[in-house]
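Below, each structure is written out as structure tokens.
Two complexes come next, and they have one chain in common, subunit A, joined by subunit B in the first and subunit C in the second.
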Partner chain A sequence: MNWKTIKYNRYLYPALYILIIVLFIAIPYITAPYTIILLSSIFMYISLTLSWTLFSGPTGYTSLATAAFFGLGLYMAGILGDSVPLIVAVICGGLISFILAFIIGAITLRLRGIYFTIFTFGLVELIKHLMLWWEINIVGVRGRFVPRADNATVFYILLAILAALLLTTYFLKSSRYGMALSSIGSNEEAAIHIGINVVNLKIITFASSAFFIGLTGTIMATRWSYIDPYIAFDPFYSFLPPLMAIFGGLGNLFGPLLGAAVFSYLQETLITRFPYSYMLIFGLIMVITILYLPNGLIGLYQTIRQRFIGGKHADTSS
Partner chain B sequence: MTSIINILVNGLILGGIYALTSVGLSMQYGVARIFNIAHGEFIMVGAFITWMLYTSFGINPLLCLVVAGPVLFILGFIVHRYLFKTLKDKTPVPTAFEGNSMLLAFGILFIIQSLGIYLWGTQIKGYSFMAYSIYLGGIRFSANRMLILFFAVFLCVLFYLFLTRTRPGKAIRAAAQDPEAASLMGVDINKMLALCFALGAMMAGFAGVLLSMAYQLQTNMGLPYTIIAIIVVVLGGLGSIPGSMLGGFILGIIGSIVNTIDPGLTLAAYYLLFMILLLVRPSGILGR
Partner chain C sequence: MQILQVEGLTKNFGGLAAVSEVDFHVEEGEILGLIGPNGAGKTTTFNLIAGTYEPNSGKILFNGENLAGKKPNVICQKGLARTFQNVKVFPDMDVFQNVLLGAFFGTPEKKSRSQAKSEVEEILDFIGLSDRTDMVAGSMTLVNQKRVEVARALATKPKLLLLDELMAGLNPTEVGESMELVKRIQKKGITVIMIEHVMKAIMNICKRIIVLHHGQKIAEGTPEEISTSKTVIEVYLGE
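Up next, the complex of A and B:
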């Protein structure tokens, strides 16, 4: 019976993945424009959440700097505009976020726990206000326009970012670096003692997660077409990724992915259906998730499954 | 010379408000380990209660201190009793509790703010109370702001005396230092934590009442005040009440100085100061 399952998995999973990829590539050809836009938004949240989880998941350092890197990406699109091909702009957006995160990481990752969190939160506000001051006093205009890209292009680039991110997360998780990262999360002192270069590892991972956030920001700017510091450096984008990750379940690779997908779908539909009570519903979901789903949707699924299968075993043993 | 005094006095007035808004947050973190992002929403509720009572019934805003304080106290108590206490029971690991309680507070922020929008709309509100000037030594001060400063200092001192001189105050400080030992000495920890959170909300309510006398109100005004309170709390040392008061006044004076140079840079200066401080001395001025 075991042998059968292995064989079954060996053919089924690759086939399933290929089917999913083909389906996603075909989507712009077969669906209505609204579906593409909705999917793009969902992909954006998934990317932000997975990027956040890449660093904060295993290490336990809760970063609230997502909005800073995301906003930097958005601004990169505004500054570069039409002067370079879109794909170059996107990569530039990723790189600038990488560089900033590298510097920030180098000076702040000595901070532990709540201090790191507060610092990253302050970073977003600092960049926002410097940007505002710069735009009002030096440029003279608040905000800027970003040349639009067509929906299908945005969709494909987001899909590519997401695929790269998933592969990175997967390989990191199964590599010795991933193990080292989670050892930082469980006990940093012990990790130092067994010879892990904790500082370098944290900085590189933090910067890589910022790279993907920056990529996502730059491509999203072409869809929004107008940005200003309040839109770009909205602390909302810092709080959503951890929330979505917890909603899905932090322990598993698919947890944050599932959490972000379900949550962002809910969010998009709530905004259009109930524009007035949207914030209230959103707040309630947040409170309920944190109080009653500590291990997220995945945890909920596992509990239900455990109960179901566990019940069967109890029957056969007795 | 007069301009220097002016900057200083403006700084003190700003500082008084900052101190009052941060004392509550500092205690909520210092004792209950809750990093309450929704702190500013309690300020907003306090301010709007005052606005409502003053514009509808003509009740003196200073009397509203007596109304808004208990209302916010009860609200804070309920929030802690039913939400944070539940979370605390489910997450025994302290660091996980700190992270999750911050996210929970973010959810509460959304709920209170959207309820505020239902009740009071999104327009900018305000009323004028004691909006005249008084002259002291040839320098002009606006009366309501001086009143705010007076009451802010008064309430902060009162709060400090409560913590240091009374039995419940001592129990709270004991709970902050060593929860386990305190509970062995007969302190009801859960009651103390709820009390402490409620007192923090009450201080926020007081700050809201005072603020509403001289500043504009809006249902989304909470978060900026929360952010400033966070800066002040870190400046003074997380969990240190005198530190928060001192930090409030320092930040107020810095704000007032930067404001005369370039108003657009005030907030940026706060964050810069805040981040440098976190790097150089994360425990704050009076932190342990």
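Up next, the complex of A and C:
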């Protein structure tokens, strides 16, 4: 391992992020409202994808529970409504997802591979129908209205969530716990036998990932203004993050980031231009990615870079 | 002093008694050999001691403390490390990272990165992998992967090390080097239990050997006693 590179990156990347964040903070002042709305959407997808990658990327435990935690966040906004300041509602949305993920993790993270994946997917349906039952039988109405927040506020909160998520991912990746998470994905039995508390590490990381998903859900509810269990717990939000992460390329912080950015921009554009065939175009893009770009966009970039520098530094991953 | 005392250790898989009522002890500083035909329960015994499985009954006293039912990560931090019969390195990581993880998590106290790093360098030097620190572990030869595994186990600062078939699949030169390595580990003050099928190795470096068969201990003694024991010969060669 090249320790010099790591030290260099430790200063370079945060500086880069700060620059980008300052740029983004200026955006609501200089652009049209549509740009802010588009960027907010893109931020949402990036946050969901990075949250998913935080846990599922290194450990290899493919979670399809994103929609469950996202929906809980949405519902938090619906339940709290105007009674608390928006920022408090957002944090509550994160916390409730964290707590649920913690409990779910403690029960199910002993399941491995496809069993874990199927369980997490089942969780989305379970919560959806529980909410449906609750709303119809206890509350009496199926849907809820969420008070709207203005575009700039939503944009800034999403930006803050994204920045916090990027920092968390970055520090986790460069820490011993990030290495330990990768070792779980590599060989869990070996990891536990060299003293890594794999159970706690998995649960806490899973819950942290859910925390960010919950935050994102709560703030997005103010954009959508109406929610019901079918809208809130749409399995679509479970499948998108892994798709976007694979599209960008797993194994590198920028892969999922790039994947989500490009993918969601495509989605937002395609949905307005080709409202009836955009899912078809999406499917084609995914098939092509998996067939020809097994390492995603980042892999493509690395291949091109290697061509240009003559393969002298073939290993760009470390 | 006895570092490990195993009393009445039993593990059933369904109706099969993989290990039944096994008693033995390990003296501090010795190299104890564990042999037996395939399916005798050797690896299961290791899995029980290291916490992979929980025993159905019996005691595993490590420095007087019962380990039965404790989690593998807890047992490791108490100073009991192991290697695996089928090598389990972290294939995508380089040698240094593999061993570094052992140094970071193998002991209860939290150490700084620089301290862990210098410990790893020392261990890689000891094991003879200093010139391969940035090689990806998965791309190495079997013998080197086994060395990485031993180095990773040593990084957890064990008092007792369980080596599961360290010599299996190695050529005669490599077997010789590995025997040397085990002796050097013993000289560091680490007690070793080794499962081995390579008789030359086990007869050479162990002072005491235990023989398991169908999950039961059938013999115990010095290499000479074991190699002339009638029961052991019957088990290995048939009547």
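As a convention for this text, the second predicted complex is superposed on the first by the 291 of 318 C-alpha atoms of A that agree within 3 Å, B and C clash if a C-alpha of one lies under 4 Å from a C-alpha of the other, contacts with A are read in each partner's own complex, and residues count from 1 in each chain.
Keep this in mind: contacts are C-beta pairs under 8 Å (C-beta built on N, C-alpha and C of every residue); 3 or more make two chains touch, one makes a residue touch a chain.
Bear in mind that the values here come from a model prediction, so they are computed numbers and not experimental data.
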| item | value |
| --- | --- |
| Touched partner set for A:Leu86, first subunit B, second subunit C, both or neither | neither |
| Touching partner for A:Leu297 - first (subunit B), second (subunit C), both, neither | neither |
| Partner chain(s) touched by A:Leu48 [first = subunit B, second = subunit C, both, neither] | neither |
| Which of subunit B and subunit C A:Val198 touches, first, second, both or neither | second |
| Contacts of A:Gly122 with subunit B and subunit C, given as first, second, both or neither | first |
| Which of subunit B and subunit C A:Leu284 touches, first, second, both or neither | first |
| Between subunit B and subunit C, more extensive residue contact with subunit A | B |
| Partner chain in contact with A:Leu72 - subunit B first, subunit C second, else both or neither | neither |
| Overlapping contact positions on subunit A, where the subunit C interface meets the subunit B interface | none |
| Residues of subunit A defined as touching subunit B within the complex | 60, 62, 107-108, 111, 113-115, 117-119, 121-123, 125-126, 129-130, 132-133, 136-137, 235, 239, 242-243, 246, 277, 279-280, 282-287, 290-291, 294 |
| Of subunit C, residues touching subunit A in the complex | 50, 52, 71-73, 76-77, 81-82, 84, 88-94, 96-97, 100-102, 104-107, 113, 133-134, 152-153, 155-156 |
| Subunit A to subunit C touching residues, read off their complex | 1-2, 176, 179-180, 182-183, 186-187, 189-199, 318 |
| Footprint of subunit A on subunit B - complex, ascending | 35, 83, 86-87, 90-91, 95, 98-100, 102-104, 106-111, 113-115, 117, 223, 227, 230-231, 234, 238, 262, 264-265, 267-268, 271-272, 274-275, 278-279, 282 |
